[in-house]
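First chain written, first letter: the chains are A, B, C and D, and each begins at residue 1.
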Amino acid sequence: MKGKAAVFVKKGIPMEIVEYPLTPVGPGSILVKVNRANICGSDVHVWKGEFPWGGADQPRIIGHEMVGTVYELGAGVTTDSAGEPLKVGDRVTYLYFFPCGRCYACLHGQPQACPNTMARLGQTSTPPPHFIGAFAEYYYVQPGQYVYKVPDEIPDDMAAPANCALSQVLYGFHKTGINVGDTVVIQGAGGLGINAIAVAREMGAGNIIVIEQHPDRIKLAKAFGADHIIDINQNPTPRERISALRKLTKGRGADVVAELTGIPAVSREGIGMTRMGGKYLWIGNIRGGQNVEIDPSAVVLGNRTIVGVCTYEPWALSSALGFLRRNKDKYPFGNILSQPFKLEEINTAFELSAQGKVTRATIVM
Amino acid sequence: MKGKAAVFVKKGIPMEIVEYPLTPVGPGSILVKVNRANICGSDVHVWKGEFPWGGADQPRIIGHEMVGTVYELGAGVTTDSAGEPLKVGDRVTYLYFFPCGRCYACLHGQPQACPNTMARLGQTSTPPPHFIGAFAEYYYVQPGQYVYKVPDEIPDDMAAPANCALSQVLYGFHKTGINVGDTVVIQGAGGLGINAIAVAREMGAGNIIVIEQHPDRIKLAKAFGADHIIDINQNPTPRERISALRKLTKGRGADVVAELTGIPAVSREGIGMTRMGGKYLWIGNIRGGQNVEIDPSAVVLGNRTIVGVCTYEPWALSSALGFLRRNKDKYPFGNILSQPFKLEEINTAFELSAQGKVTRATIVM
Amino acid sequence: MKGKAAVFVKKGIPMEIVEYPLTPVGPGSILVKVNRANICGSDVHVWKGEFPWGGADQPRIIGHEMVGTVYELGAGVTTDSAGEPLKVGDRVTYLYFFPCGRCYACLHGQPQACPNTMARLGQTSTPPPHFIGAFAEYYYVQPGQYVYKVPDEIPDDMAAPANCALSQVLYGFHKTGINVGDTVVIQGAGGLGINAIAVAREMGAGNIIVIEQHPDRIKLAKAFGADHIIDINQNPTPRERISALRKLTKGRGADVVAELTGIPAVSREGIGMTRMGGKYLWIGNIRGGQNVEIDPSAVVLGNRTIVGVCTYEPWALSSALGFLRRNKDKYPFGNILSQPFKLEEINTAFELSAQGKVTRATIVM
Amino acid sequence: MKGKAAVFVKKGIPMEIVEYPLTPVGPGSILVKVNRANICGSDVHVWKGEFPWGGADQPRIIGHEMVGTVYELGAGVTTDSAGEPLKVGDRVTYLYFFPCGRCYACLHGQPQACPNTMARLGQTSTPPPHFIGAFAEYYYVQPGQYVYKVPDEIPDDMAAPANCALSQVLYGFHKTGINVGDTVVIQGAGGLGINAIAVAREMGAGNIIVIEQHPDRIKLAKAFGADHIIDINQNPTPRERISALRKLTKGRGADVVAELTGIPAVSREGIGMTRMGGKYLWIGNIRGGQNVEIDPSAVVLGNRTIVGVCTYEPWALSSALGFLRRNKDKYPFGNILSQPFKLEEINTAFELSAQGKVTRATIVM
């Protein structure tokens, strides 16, 4: 038996659709039939040769925002990572990174800071079992990899991005902390930012202020319940935006400001929007080699804290699924439409994504 | 009755010795006879017109690292801020900043982040009671200002800097957190850095690594018990120093890195010395308007946290005094000699301090 | 000018309506005309001679759940404790306890643990300004006492209990911590418990389970959005209730269990409802001299934490007012009807409250 | 090839020395030759039929305080759990409990609260590989079990108890938190308590007060640097001891009180020794079915927190070994002499331990 996969060879070359044989499902593994896989902004970075974790030139199957269906359970697998019974036909999602469990960070309860996770993300797909990325008909969940059953109430469209944007912002705000009534600024209402509005609200934020430029995103941010928008078109300079923010916060700035844009330059502005004693959450800036000028005294004299967060602890995905189950009708998740493409159309889907002509492309198998 | 004070008029003009009348000691106030007052690095900044908190051109008495003797207690004052009985003749030190107790930060248990503290630091000395800085024969502790009795065991020489460097690093490490056995890097073995060695050790640090250039400071750092020195003379580039640090930490970097130099450029290097999931503590960079280039992805992908700390919560000074009482013979605090000057010699003392010809000048009244 | 007050003399004797002269409003003080004052459960305890903080036999004005209107501002008072402009005619509420600001706990950022607060709660009303309790026509807010303006959107009925039940549970859950999606058990749906449902939900609780017996309270708990009720009538023993709880939590118990009943016996059951590694929040048990048998091994082997909370940090009342402003239409606060009594009817109001014949009596001036 | 083991059959019956064959060392496993194994207080409980984790009647090899030497490494094992290279002949110690890694607690970063750990502690030794307890010539470290290399500087005598008492108190104080200068009360200077003195000191405790009765333990506590002893012989009642403690703490009580006795009755006294806003750490009370009467209002009105801790996160053992390496000459660990017995003398060793005639028995292979 065989399955198709889109293989990324290197920057500038179209991905190839390759057929690989399905190898036997080993003990502790799970063979998953992929339902759909989204093209995440970080996938576009990889495609452009801007892979933050190295390994740019290894042929491999990329993609990680995925939902699939259990096709075969390896020996010994009877539950998901949360202990829920698992059987063929159940829908699942998983952590696309692999904390090693044995490094200093893992042993200290910080799997999200495992240095070996990053190394493993650049894996080649050449040797069996081949299927280690989401843009393919199948996916092998490996022994020890965290996998969670998707509740029936959550449609595929909503489940696919759960292991990326939603889990990431949920974990980011968990690490930073939000107190009931806090003012939270969200820099950028893209995929991360829109999820961040819902998560911040459910964690008790009293005043959510979104900084954004694109009319569609502004509209979506309002639909998700942002209390205020600072429109970049009307406030074109950082100085004006900081001033607008201060007007909305009795002059003091926000308790928590979250960077969800991937643009280094917004960081300086974001720190300036944080109140004295407040916290700045860095999530989006995962591309290496890009600098921003910071005035350290703004952090020191302001007693501010900056929290960098990338990936998450395993519970966050489980928590994200519960979050969707509880809140799917409360927020217009359905408005974040994915535009479907076939696996064979993946190169077109990436081009349109890179050009910003489609906001969220999804490969439906 | 009158008292002398050194009045800073503006940058580039010698301080003037002025005599002011002593006004009556109001209810809740304390009149203190100053024993000695050190010239702190931040005083030199003010003298150079680099005052980080504004108010550079207001004539005033500067100075804050001080120990004095209670000369007169205002009505109602029977104890220090920790409830210890207080009487004329007792030696005291105090918080030189004034959290307002009514702002958002103060109400949220963050007096160190009070924005009004900073505004009050630029006060003029023209109106009575005049004596609001340390370089003077007297000092008025105002109602509500935090003041602590100095234990008999601690000599003046050791007590004077307690309300600045020692309290600051003690609070900084408290906010950042040190776990038993942690590797702690100390960037710079000046006044802050030397105190930081002792504090980090007493909080459980297992491996203390100091980055320093000056032979005298390296010698002092060793005497204070630093486990390793990375000598800048032998490792002239950040790359070499980061490499040296990694060799000392099994390749992974330090749990906590503390910036205690005031030099923005070391920050990038310091973040690079922090292990994945580790913490970077910014204390020294209090001068505004100086930038450093940071790569946000180093913080994001590394799940690192940056903690800015300036001033401290009131308990920290009380804790610092207890720290000195317990540890004064354990660490060679006596080796950090202050060079004494008379109040009339203050301009000379500042010039020599600015030129680095004296490491710690103290004005003895 | 004079004002009436209900004076509690001692247990078993009816409160007396006394007229006191209004003394001049000193600097930093505020004279407040009381709009209404609720009879809290702890007031009933005092009335029965079960005052937990001593001073049972000092004649005084009791009552603390109050909203009033600024009648006169003392010299220097221009804002409330959050810096909002304050003028005659504004409605206000306040912290009814007075952290001293100078004890070890206060200096360590724990005003809620100030031992001097308790001592001051037993004050006599004999000396001027007399009006130091809520069951009176006037109330003197003293210098340094925390006072907050009540937003216009919040009616008196909803504002009166804000400084007690709502602030208390908001602070309690803040101390304990609730993560997004947590299962929270609420023991008792009285005044504290009903507020706790709303607060837990807004902090992200995913599954709120209420343990209650009275049909009216069960109905109200459901209206406030409890996900599950464990009805004591149907589960009369602790064993049955713990079993019912485990069924609702996949066998593992709740992340957070909050005791809001004042009944010591429920504590053992509540600890048994907490998952391994979970937290038990003690709020209601403020009456001294009542014991409960605990098996320490249940706490030790279960790695459980018990958090005792009484009173709160000053920000909590400000946060509670914001909470009401944002959520007053989301939860049926209007269903928690207060039954109004005149000041002259206060003895009747207390008797009916003690007999449980009125759930929330309020004295309307 | 065969090895000897002491098999505990059931309460009241002498342990039997049995010879089992050594089965092949599977992938990921390690066969360890036991150097020595101490008789811990909890072993004596098991021996008496008071096993707190169930499984009292399953024949098995007990014992867990152990140091051994790598005899054979299974396929794929090249390092210890901290990534240190591991080879035959290296000395090792290990976590004697097995967090499952898949339960709710484990997924939430609380392996110490894993409910499956406890279940596995009652394992029978009947099926191969037999050697799953410390009182035997060999021990099989199983795949995924945490194992750490013992630094050369630490002698066997000091290494054997590291995975129990030292790791436990180190983790307990980590969870509870100790601030620089804190007053820490240690209830009981047995094995746990003596280690607790050293750990509390290294974490910054400024004032360590030990409550103890036995002259030998009092002497040892002093040798370990306790600042004060409250001798139970001179203060026979809880009231007197609390009073003595208050005298040593300016009337306010201790910041942290740690229960290290295993006696439920001391808990009430310990809570009474904690300052308002302070923390009580329960470690010793691991025996189920024993109650203590607590007054909940003491916890509630005092804003106190109670922290139950049993077992620890994996890093704690690694940290404990580093702690011994750094501090072995600073504290008189050598004074805690173990009395050696042969494996064949194990029943005698248990009897003497149970009778208190030997303070720390060790089985030397």
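General observations
The rule we apply is simple: a residue touches a chain if its C-beta (ideal position, glycine included) is under 8 Å from a C-beta of that chain, and two chains touch if they have at least 3 such contacts.
Remember, predicted model here, so these are calculated numbers, not experimental data.
Path length between chain B and chain D in the chain contact graph, taken as the least number of steps between touching chains: 1. Any chain that touches chain A and also touches chain D is listed here: B, C.
Our note on geometry: chain C versus chain D, Cα centroid distance of 42 Å, whole angstroms. Counting only residues that touch two or more partner chains, chain A has 83, 103-104, 108.
Across the complex, chain C meets chain D through its residues 52-53, 103-105, 108, 110, 112-115, 118, 252, 259, 264, 267, 275-277, 282-311. Chain contact summary for the complex, chain A toward chain C: residues 83, 170, 174, 179-181, 199, 202-204, 206, 250, 319, 322-323, 326. For chain A in complex with chain D, the residues that touch the partner chain are 79, 81-83, 101-104, 107-109, 146, 313-315, 318.
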